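To keep things simple, chains are lettered A, B and C as they appear, and every chain counts its residues starting from 1.
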Amino acid sequence: MPFVRIDTLGTDPARLDALGQAVQDALVETLGVPPADRFQVLTSHDGVTSMLRHDDYLGIRKDDSVVFVAITMRAGRSAEQKTALYRRIADLVHERTGTEPRNVVITVTENTLVDWSFGDGEAQYAPAGAEPAGAQP
Amino acid sequence: MPFVRIDTLGTDPARLDALGQAVQDALVETLGVPPADRFQVLTSHDGVTSMLRHDDYLGIRKDDSVVFVAITMRAGRSAEQKTALYRRIADLVHERTGTEPRNVVITVTENTLVDWSFGDGEAQYAPAGAEPAGAQP
Amino acid sequence: MPFVRIDTLGTDPARLDALGQAVQDALVETLGVPPADRFQVLTSHDGVTSMLRHDDYLGIRKDDSVVFVAITMRAGRSAEQKTALYRRIADLVHERTGTEPRNVVITVTENTLVDWSFGDGEAQYAPAGAEPAGAQP
């Protein structure tokens, strides 16, 4: 159910792919997201026609390895789960791409169960009654 | 008032344009959005510098025709309206581009009336009192 | 804490940069955001592989200078603050890039303090108790 956008600089497809996998694995490990529940847009910016702008907010130094991870998911995860998620994303990104945790910026935006269609034109997790009887999984 | 991001693969501008029109028409038909209330970012990904990652969540098979539709709109639409919207988006996308409904993934994120400026530096739908008298539409 | 996506057309990196700076300065001036609290994705669309679609909603005429500004920030700002923000963004964009206020479209999406990690794998503004003692700023 998470829908994830990852934005970074550079032109290495392998790094981009590794970033996506790291974030997905962290979601699976810390929130119990099913492994196949993966919907990601991964974008490398060239620094000319598209750019990332950042600064050293809170004294956390950033450089051109910066990664922005924007996660949309349904409401309901606890603060503890979210902090575990951030920790795990940063660690897996570091482990697999060498990008240091200081360069990983994460934002979460929440919605509700009825705000998702995973295909077939259906709201698979809509509350009962929102669709004709029998249409719910 | 919807702000829509559509992400897909491929390099066919006509398909991209048709996807945008299909989503707008579905919003108009199912939610009563005014036809001119259209704000869309349509992006084709090349699979190298930018990628989509997806899997067959809930057993719904996806392939390289996958389309991610992310809609930001003000809160207030019912579950019935949302499910009708997803159905209509999937059907219109299929009808006009051949992309099968299984490949259409939709997420909705909601905000409030004061969270929009449609131009001119004004919050056109801000509650009365939030702007100088006479500034409201 | 704002995370900002700016989407526009054209290929002028200086304009893109100026748009980003204008939005950040407006956030600082009207919401009191710290100047270093800057996280932006700035994207120019070529009109072929990626496009912006817009119309003259509410009679506000748009053209190819259109700029979409999508701001994610924590909840808590008043309607007055938001309207001041929109005004200032439009004015600074006009002043610095020549793009008229009618062409500046802004959306805000809100989340909460625990929904942010500014680096180091930590939720810097999580409520006390969500992380081990001593981990809070």
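Just so it is clear, contacts are C-beta pairs under 8 Å (C-beta built on N, C-alpha and C of every residue); 3 or more make two chains touch, one makes a residue touch a chain.
Note that the coordinates shown come from a computational prediction; the quantities given were computed from them, not determined experimentally.
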Chain contact topology (line, ring, star, complete or other): complete
Copies chain A and chain B - rotation angle from C-alpha fit, nearest 5 degrees: 120
Length of the line joining the C-alpha centres of chain B and chain C, rounded to whole Å: 19
Residue numbers of chain B (touch at least two other chains): 109
Residues on chain A engaged by chain C in the complex (per definition of touch): 7, 45, 48-58, 60, 62, 68, 70, 78-80, 82-83, 86-91, 101-110
Partner chain A, residues of chain C touching it in the complex: 3, 11, 13, 16-17, 20, 24, 34-44, 46, 72, 109, 111, 114-124, 126-127, 129-131, 137
